[in-house]
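The letters A, B, C, D and E name the chains in turn, as written, and every chain counts its residues from 1.
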Amino acid sequence: MDLIHAPFVPGVIQTTVDQVINWSRKSSLWYMLYGIACCSIEMMATGASRYDFDRFGLIYRGSPRQSDLMLVTGNVNLKMAKVLKQLYDQMAEPKWVIAVGSCAVSGGPFRGSYNMVDGVDQVVPVDVYLPGCPPRPEALLDAVLKLQRKIMRPQRQGVAS
Amino acid sequence: MSKPLLELLIAGIKFALVLGFVSVNALFLIWLERKVSARIQNRMGPIYVGRPQGWLQTAADALKLLTKEDIIPAGADRLTFVVAPAVLFTSAVLLFVVIPFGPGLIVRDLKLGVAYAAAVSGLAVISLVMAGWGSNNKYSLVGALRSASQMISYEVSLILAMLSVVILAGSLSTVEIVEAQSRIWFIALQPLGFLIYFIALLAELNRAPFDLPEAESELVAGYNTEYSGMRWAIFFLAEYANLFAGSALAVTLFLGGWQGPWLPPVVWFFLKTFLVIVVAMWLRWTLPRVRPDQLTSLGWKLLLPAALVNLGVTGFLVLAG
Amino acid sequence: MNLEAFLTEVKSRFPGASFEQAGQDWVLRVPAAEWEAVAGYLAGHGPRFDYLSSLTAVDRGDRLELVLHLRALAAGERLTVKTDLNREQPEVASVTGIWKTANWHEREVYDLFGVVFRGHPKLRRILLAEDFEGHPLRKDYVDPRRRKVEGQA
Amino acid sequence: MTTAEKTATQSEEVLEQVLTVNFGPQHPSTHGVLRVVARIRGEYLQDAEPDLGYLHRCFEKIAEGWTYPQIVPLTDRLDYLAAITNEWAYVLAVEKLLGLQVPERAEYIRVIVGELQRILSHLLWMGAYALDLGATTPFLYVFQERERLYDLMQLVTGARMTYNYLRIGGVKRDLPPEFFPLLEKALDNVLKVADEYQALVLENVIFQARTKGIGVLPPDLARQYAISGPMLRGSGVAWDLRRSEPYSVYDRFDFAVPTGQNGDCYDRAVCRVEEIRQSARIIRQAVAGLPAGEVRAKVPAAIRPPAGEVYTAIESPRGELGVYLVSDGGPQPYRLKWRAPSFVNLQVLPEIARGAKVADFIAILGSIDIILGEVDR
Amino acid sequence: MSEYLEVGLFLVASALFYAVTMFMASLVSPHAPTAAKQSPYECGEQPVGEAQVRFGPNYYIIALIFVLFDVEAIFLFPWAAALREVGMAGFIEMLVFIGVLLVGLVYAWRKKVLSWI
């Protein structure tokens, strides 16, 4: 039985099992170490002592195979878009994406120039959009909490993909 | 019930106990590692998943990994790729057979206990090489080659350090070795031997400063780069089981095993083992990583001669005095 | 020897060259044909301009202007060298043999302006993808994606 | 080479294949999105070729379409670890074109925040370099210090990383009075951290074994490649634009230019740590000598520099940051060329990494201190 | 039954445990393979060339030295356990044995085999 892709069956056991699995997923969002630009420095700051991602169970992994969360921390250009897509494809299901910073959300100040992808949602499905240039660590934590809420209630809020 | 069947049943129960212990212990150790590293780094570590101290963090991680997709790369050598984690896990579990947790608290007191432990722990390298080769990934391959050369550079020193303890105890049985330490722990007689054993152990366990096979800054995740989901979790589980078993053997050989005043023997055993583990963690989060060639030359040019000399001197002293 | 005297000497050696003072900086203009010879001379004589700060180009509309910013570390002098290139078929000798650092600078100019450097060891795009079309820092460059959007509008 | 040796090497080549490996663009140690195509044999690196452009953001083209003041915040995003120095290089170029005199107080404030920026940047480098060599904890230690300095910068500029603080003709606003006691405390802390780092990392046996004699860059080669900043100084060339071509008010301060002798990774590390101490010295002098007065010159709302061109260079944490600005008299620059020190310094990587071991290659790459935002622009 | 019953059982049972765990995981985990997902990971770029290549013979030389010393260690185990019985004569015999191997190690050392990797 494939619990994850099974159609939603109302039933106490199924729901409870789903809830437990979702809880484990939201509690252990391992993010891929993938810094692109300015925002990646703030991502590092969020992982460092003052903000400490690890409190929420977020640790970084070098390999996409073991990551659940991709933080797109910066602007993606045409050359990078292929890499981004490839990395996203190589992540194991289930996986989530947070577009961190204005550049990832929409292109930011570089929007519309010759080499840019205006927003990473043109390349990979995005679950949470986080504006800011760069967003503060508190904002990044907030985005993660929003994602956690989304993971807990996929039916109510709709899954991106 | 016939006798063989009964024996089989008892052995089965023992296995279930060991398995339960290995799993729970690994979850605890991973949690501990995250907490210890957090303390060293002025952080909190996990706190929100299972308040107040993040007790459920590793349980959540394990459950998540269980329900995560298992990717087998297209170019992979399927058989070696799939079997590799099992080899590492099995070698870790087999080590637990000869660990004396307390008087009488041992799966089986093998006559050749120490030799058995050395042989079984040597299996780990096969797993890493299988994983590295089977993954069809370059980082994995380099990581596997590194781990092979690393482990063989340290295995001999590790065994020689064990042997000087064997000379003192006059036995290969782990229980008898612990009993021989009732008067004085062997670390007092073998300070150099313990140092060699501990350094070689860190190298055998691929822990910093010797974590070359999975050097994050160089090889992304080393031999396990391509592993995901539960298959990867088994690697992780086995690694921490090995950490515990290796530390427990260090305690057995050098730190008097379960021996100690006032407290029950089992408590002493766990106290000492966790002390060794925490020291290993402390080192990991403090030191930079050495380079592969520095590691091999340290093993062959310093530890091996030192271990040989140590062995000879120990033998001479035992015979002379 | 001060810089002006040295530049006079350069001019006497390379008749096509001319120099002027713009602000605090001296600017030496040379024809494209003598580009490499002058560069080699500058690197080895007088104050010895051994340090190539930057090499770039400017699209002047009717021509491409190649600009070199040189330093002489020991003497503490600075010099700007310029040459004009044909905009349609910009081609000039590479100076990588004189200053190794010119390698990537020239690749960048090739990438963004389309200037071909003769004798460059590995003239390939450096910043943009290999399959990128056009040279975007030219003034008349239009993003094909933009062109499509404007065409539809 | 004897015949026997020759056959030995030949048969070795037959036996051992060369592996072509990508390091990056997503890799823990390429400090961003650099891709290095390496050819390795066993643990040895035969060749390494950097592949850039994964962060090329068309900065120079965008600048041609924006007005002069608009470009200031855009420069923040180039070398995002040293936003102030980027702004400084740019406004200096515009001011030179305009022939504008900047008030003294503004110059001093620029020195203070600029040197704070240098400390911030070097701190991150120190942490990241330890991380490259496999030590995680120093990274978190320096980030604690960075957070305190972030707070300080935030007090002055309102932002943590991308400040948009310098203006053409001065700075955005004066330093608040509560800044000074906090600064004093922060500098004490920074010096303490530098000493701690020296004791815990630079003097660590493993660290020294990993960096001494690794990635040696001889001074001649450094000049050939126009290397600048701590990398050049690590090779023993005492070239610092703050000293050699003093801009702003740097000629009024007393500070040393630390140099190394061997030009290896270790020397570069020592130079950077020493530079932190020197920056703290400069800041203290600047605070002591801070004159009163305006912080912004009178500048017309629409800035239209006369037609002409200028090349200005300042010493960024990574080296010579040059701005070549061409004006045609209009409200937007005709051409803005960014001479990024990382871009130039990175070029020497294949030269000094050839034949190194894979682990050393990471150490060498880390010691160059590149910021991809600036390399790719 | 021999004292190695547990060892044999542990061997089989832990392999079985792995199989069962992986089977359970396959029940509850999603499975959506695509060509891109299964391609080898190489920092997001397309890999160049094969990963499974022949690697240097020096690894094997180190492995050979290792085998020598490992065999030595096996000989040493019974010797160490029974040192008090074999006495000084046995001790000296073993010293000669170790000495011969040490000469080999010094030879390898001088030949720079050990400083290769």
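In the analysis below, a contact is a pair of C-beta atoms (placed from the backbone, for glycine too) under 8 Å apart; a residue touches a chain by one contact, two chains touch by 3 or more.
Being a predicted model, the structure only gives us computed values, none of them experimental.
**Student:** Could you tell me which chain's Cα centre is nearest to the average position of every protein Cα atom shown?
**Tutor:** D
**Student:** Which two chains are joined by the greatest number of C-beta pairs in contact?
**Tutor:** B-E
**Student:** State the chain with the largest centre-to-centre distance from chain E, centres being mean CA positions.
**Tutor:** So the farthest one, by centre of C-alpha atoms, is C.
**Student:** For chain A and chain B, what's the span in angstrom between their mean Cα positions?
**Tutor:** Chain centroid spacing, chain A to chain B, equals 35 Å.
**Student:** Which integer distance in Å separates the CA centroid of chain B from that of chain C?
**Tutor:** That gives a centre separation of 61 Å.
**Student:** Find the geometric centre of each of chain B and chain D from their Cα atoms only, then give the gap between the two centres in Å, rounded to an integer.
**Tutor:** Distance between chain centres, rounded to whole Å: 43 Å.
**Student:** For chain C, give me the residues that contact two or more of the other chains.
**Tutor:** 128-129, 136
**Student:** So which bits of chain A are touching at least two other chains?
**Tutor:** Residues 3-4, 21, 48-49, 62-65, 79, 83, 87, 90, 92-94, 113-115 of chain A each touch two or more of the other chains.
**Student:** Residues of chain B touching 2+ other chains?
**Tutor:** Each of 41-43, 67-71, 138-139, 141, 145, 216, 220, 225-226, 229, 292-293 in chain B touches at least two other chains.
**Student:** Got a list of which chains touch which?
**Tutor:** Those chain pairs satisfying the definition are A-B, A-C, A-D, A-E, B-D, B-E, C-D, D-E.
**Student:** Enumerate the contact residues on chain C facing chain D in the complex.
**Tutor:** Result: residues 22-23, 25, 50-54, 56, 58-59, 67, 69, 73, 76, 78, 80, 99-101, 103-104, 112, 125-129, 136-137 of chain C touch chain D.
**Student:** How about chain B: which of its residues touch chain A in the complex?
**Tutor:** Residues 34, 38, 41-49, 54, 56-57, 59-65, 67-71, 216, 220-221, 224-229, 232.
**Student:** Would you mind writing out the residues of chain D in touch with chain B in their complex?
**Tutor:** Spelled out, the residues of chain D in touch with chain B are 19, 21, 27-29, 40, 42-43, 130-137, 140-141, 144, 201, 204, 206-207, 209-210, 357-360, 362.
**Student:** State the interface residues of chain E toward chain B in the complex, per the touch definition above.
**Tutor:** Its residues touching chain B are 1, 3-7, 9-11, 13-15, 17-19, 21-22, 24-26, 28-33, 35, 37-43, 47, 51-53, 55, 59, 62-63, 65-66, 69-70, 72-74, 76-77, 80-84, 87-88, 91, 94-95, 98, 102, 105, 109, 114-117.
**Student:** Okay, in this complex, where on chain A does chain C touch?
**Tutor:** Residues 78-79, 112-115 of chain A touch chain C in their complex.
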